[in-house]
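Per-chain residue numbering starts at 1, and chain names A, B, C, D, E and F are given in the order in which the chains are listed.
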Amino acid sequence: MFIHKVNETTAFKIPEERDAATLLEIVENNRTEFGQWLPWVKDMYSADDEQAFIKNGRQRMAAGTFWFAAIMYRDNIVGLLDLHQISQEHHRCQIGYWLAGSCQGKGIMTAAVRELETIAFNELNMNRIEIMADKNNQKSRSVAERRGFHLDGILKQYAFYNGQFRDMALYSKLKQ
Amino acid sequence: MFIHKVNETTAFKIPEERDAATLLEIVENNRTEFGQWLPWVKDMYSADDEQAFIKNGRQRMAAGTFWFAAIMYRDNIVGLLDLHQISQEHHRCQIGYWLAGSCQGKGIMTAAVRELETIAFNELNMNRIEIMADKNNQKSRSVAERRGFHLDGILKQYAFYNGQFRDMALYSKLKQ
Amino acid sequence: MFIHKVNETTAFKIPEERDAATLLEIVENNRTEFGQWLPWVKDMYSADDEQAFIKNGRQRMAAGTFWFAAIMYRDNIVGLLDLHQISQEHHRCQIGYWLAGSCQGKGIMTAAVRELETIAFNELNMNRIEIMADKNNQKSRSVAERRGFHLDGILKQYAFYNGQFRDMALYSKLKQ
Amino acid sequence: MFIHKVNETTAFKIPEERDAATLLEIVENNRTEFGQWLPWVKDMYSADDEQAFIKNGRQRMAAGTFWFAAIMYRDNIVGLLDLHQISQEHHRCQIGYWLAGSCQGKGIMTAAVRELETIAFNELNMNRIEIMADKNNQKSRSVAERRGFHLDGILKQYAFYNGQFRDMALYSKLKQ
Amino acid sequence: MFIHKVNETTAFKIPEERDAATLLEIVENNRTEFGQWLPWVKDMYSADDEQAFIKNGRQRMAAGTFWFAAIMYRDNIVGLLDLHQISQEHHRCQIGYWLAGSCQGKGIMTAAVRELETIAFNELNMNRIEIMADKNNQKSRSVAERRGFHLDGILKQYAFYNGQFRDMALYSKLKQ
Amino acid sequence: MFIHKVNETTAFKIPEERDAATLLEIVENNRTEFGQWLPWVKDMYSADDEQAFIKNGRQRMAAGTFWFAAIMYRDNIVGLLDLHQISQEHHRCQIGYWLAGSCQGKGIMTAAVRELETIAFNELNMNRIEIMADKNNQKSRSVAERRGFHLDGILKQYAFYNGQFRDMALYSKLKQ
């Protein structure tokens, strides 16, 4: 089990295919909340779906176009975070994340994003990190704001999911 | 020669490989101005480069992930415009364009973009069209503004080209 | 809509996927006649089939191995013509065509083929254009003959379709 | 060494990559004559070229789109013959062949083509076999004529090689 | 039919797709015995399976990564042998074989393997030939022993098939 | 930096492309010794070679056909170990490893292989692990022997590298 320690209670773990059941269980337990904001939730219903996601994610990570880790809290997997839309040309990427409802409110995600910023700026050669959240997803926006991301703008009807066009809030932080 | 008429003087034409020399000549004549804002200009130096671009563009257009046309003014090719980052899922795309300096100031590009909006909204099933321009590229930003695009925000250090990070202005227009 | 004008009443149009329903309707209305001579008719039964054909045709056209256009008469799609078996090495290709029965007898196809000859010889660098028709398909052979194509020979049992071997008439015209 | 016996003196042999040097030597010794009629001769100058041809030929033969054999006379390789343009749909193919000048005039090729007709009609499910030869390649046309092929026509400027358009004689023989 | 003669009664034949029914029939008649030792037997139930195997085998043979032949005895196909795991880098390969029960005990396989050794060492540039057989497959091990292969070792639980881990006997012979 | 702890001084680390220079330096410092036994050493001369190896290794690891880790000793990379020839069908794989000469003799590799056995048997679903070493590579064979692997046999002339055929010692350990 390959681990990147974040702090005394929290760590990142390279997702493995045998983590599929655990990750799926968290999705199941939080399907209502996650499904409101995360378009992929409606396509994630079996361990096979989750395994396929993990395998594909690892392959894209090996190719340098993606990065992801399971979030562990006191040795249990409780969430996931990733860097997508990685552009080596423009030194830019976007953070995504989700956390089991039962572990929210403990500062886990704020610590995790802080660590991921360090990884992105220092190890992965990024210059600009973005967070994009549904305008109405207050929890996700709060993570960006607590980490000092700048609100670049509200992008009207930028995304379409769950049958509706959605306004998206775009945040960014620069390496400087 | 396949033509889409815009108005009495202006038309769109499907680019063909034999248009490569003409398009390259315009790039050559405007290399200083274009090179300031368009990252691809530094890689476009021969008719072969231009032919490869046209062939690739036609293939992506056939696949539905791209759309482009040469702009004709009084039967001469004078520029090019395109839709890139076409997302069928989110019904969203981005407009790109350039026009020979000698033809600027005649309203050609404003008319061309107006027509392209109609095509994108009515024929290509788009809901949100974006224009992204370097913050300092006033000519390009004026086209967006004349066409009533909304400034969503200034994205700091969003792009890296010609050796510098660039702030980009993001505009959008909705179908409604 | 990208148009190549043939004469006052007739034009060529780049086929688009949203033309599938219109093209399929013509096939439906002429299934008996077309099915007698055109082997693909028995596989063209849904808008999906027709869309797949259009998408594939556009991709091969972009790759330079195929060329096709819908035939418009007084602003309605009434048929299709194409260049297939395009050989850049030997500067040779073959014309295919079909026209709605309701529009036959007006000289539309003769005008369309005349225009396509010009395109093939002058724009596409062809030297020899062929028309191959079932020996018994008198309508198709008449188009070749009206356009002054030379009968190279009758190729016995050259094709197999609808459960029978067919003798084919091979016509050709040179650029000179 | 896998052999198909034709008669007491002649056999077919599956080409192997280690036959490249022998085949190339025959091409070298007959370059002037072969080069007059066979377009590929000008690209066949090294054992690597010949090996690549053999490897590619074997792969296409395994895929059912090609068939070829070296011609052996008294245990020496003296030529090659093939079936190309194999159409399973139309049960049709074309014969190609060449023979070292030193072995011409002994009836080897006539016997070889007779045997290949049997293979094509009886084992490979063909119905129509074609031979296409340059109108002026009298030796090749004589093989077709001695084997009773029917001259379907002279196809004017059908091929372009060695800098000239060439008229081609098309012969065919049917299974029945 | 391409043939490599082994001795007065025995020959190798390049497998062709039309041999599928014959090969399948032998498998059917020997399913109990073969199925005990050959893992692929449980997946070989139709002429389509057998044809797919032959086509794939011919393609890999053309690519130089495989070699196989049907074994003919008095003009009938009675078995098959192959070289797999061909390493051009290490000049090493492994022999596989099976023979209809009704033809066993006549020395056919011993003669066939002797001939295949010659082909592998002299034509295919191999230096080490291996035979791997289930520890309990006495018939197969006897072929290796009669041909003077050296027992390198018993590889415990090397293979898993028919629901069990199997110990495998590894034999080898060097070109010297 | 993703870490799997082995013991107080030793850990495994997922190789990253930015580790290329460090790994290459160890190869450079041990080129004579490594080059004697490891065929790939002669092709590993630049950071680009090493980066390509790491990228390819990560992609194969994501696909489940390979597994590798850098060995860290007191926070420095000092070697590498891997599982190759992973067969999910037979639950079998082979261990490979190398260690900087300056760190040999401290029990690092024995501890690393012990840990890797646990990973292979418990996490990766393997049943048989092999170690294959040149018969004369006493250091490598000692690792296998210290870890209680069984010597299955000496495979004569099994490998060819550095211009010679090599006898290889094959060891194995079963999960039981």
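Definition applied: contacts are C-beta pairs under 8 Å (C-beta built on N, C-alpha and C of every residue); 3 or more make two chains touch, one makes a residue touch a chain.
Model, not experiment: these values are computed from the prediction.
J.: Out of A-F, E-F or B-C, find the interface that copies A-B, where copy means more than half of the contact pairs are identical.
T.: E-F
J.: Roughly how far is subunit D from subunit E, centre to centre by C-alpha average, rounded to an integer in Å?
T.: About 34 Å separates the centre of subunit D from that of subunit E.
J.: So the centre of each chain is just the mean of its C-alpha atoms; given that, what is the distance between subunit B and subunit E in Å?
T.: Taking the average C-alpha coordinate of subunit B and of subunit E, the gap between them is 63 Å.
J.: Which whole number of Å gives the spacing of the CA centres of subunit B and subunit F?
T.: Once rounded, the distance between the two centres reads 53 Å.
J.: Which residue numbers or ranges of subunit B touch two or more of the other chains?
T.: none
J.: Line, ring, star, complete or other: which describes how these chains touch one another?
T.: Shape of the chain contacts: a ring, since each chain touches exactly two and the loop closes.
J.: Which positions of subunit B touch subunit A when the two form their complex?
T.: Its residues touching subunit A are 89-92, 127-128, 150, 152-160, 165, 170, 172, 174.
J.: Taking the touch rule as given, give the residues of subunit B at its contact with subunit C in the complex, in rising order.
T.: Answer in residue numbers: 1-5, 12-14, 16-18, 55, 58-59, 61-64, 123.
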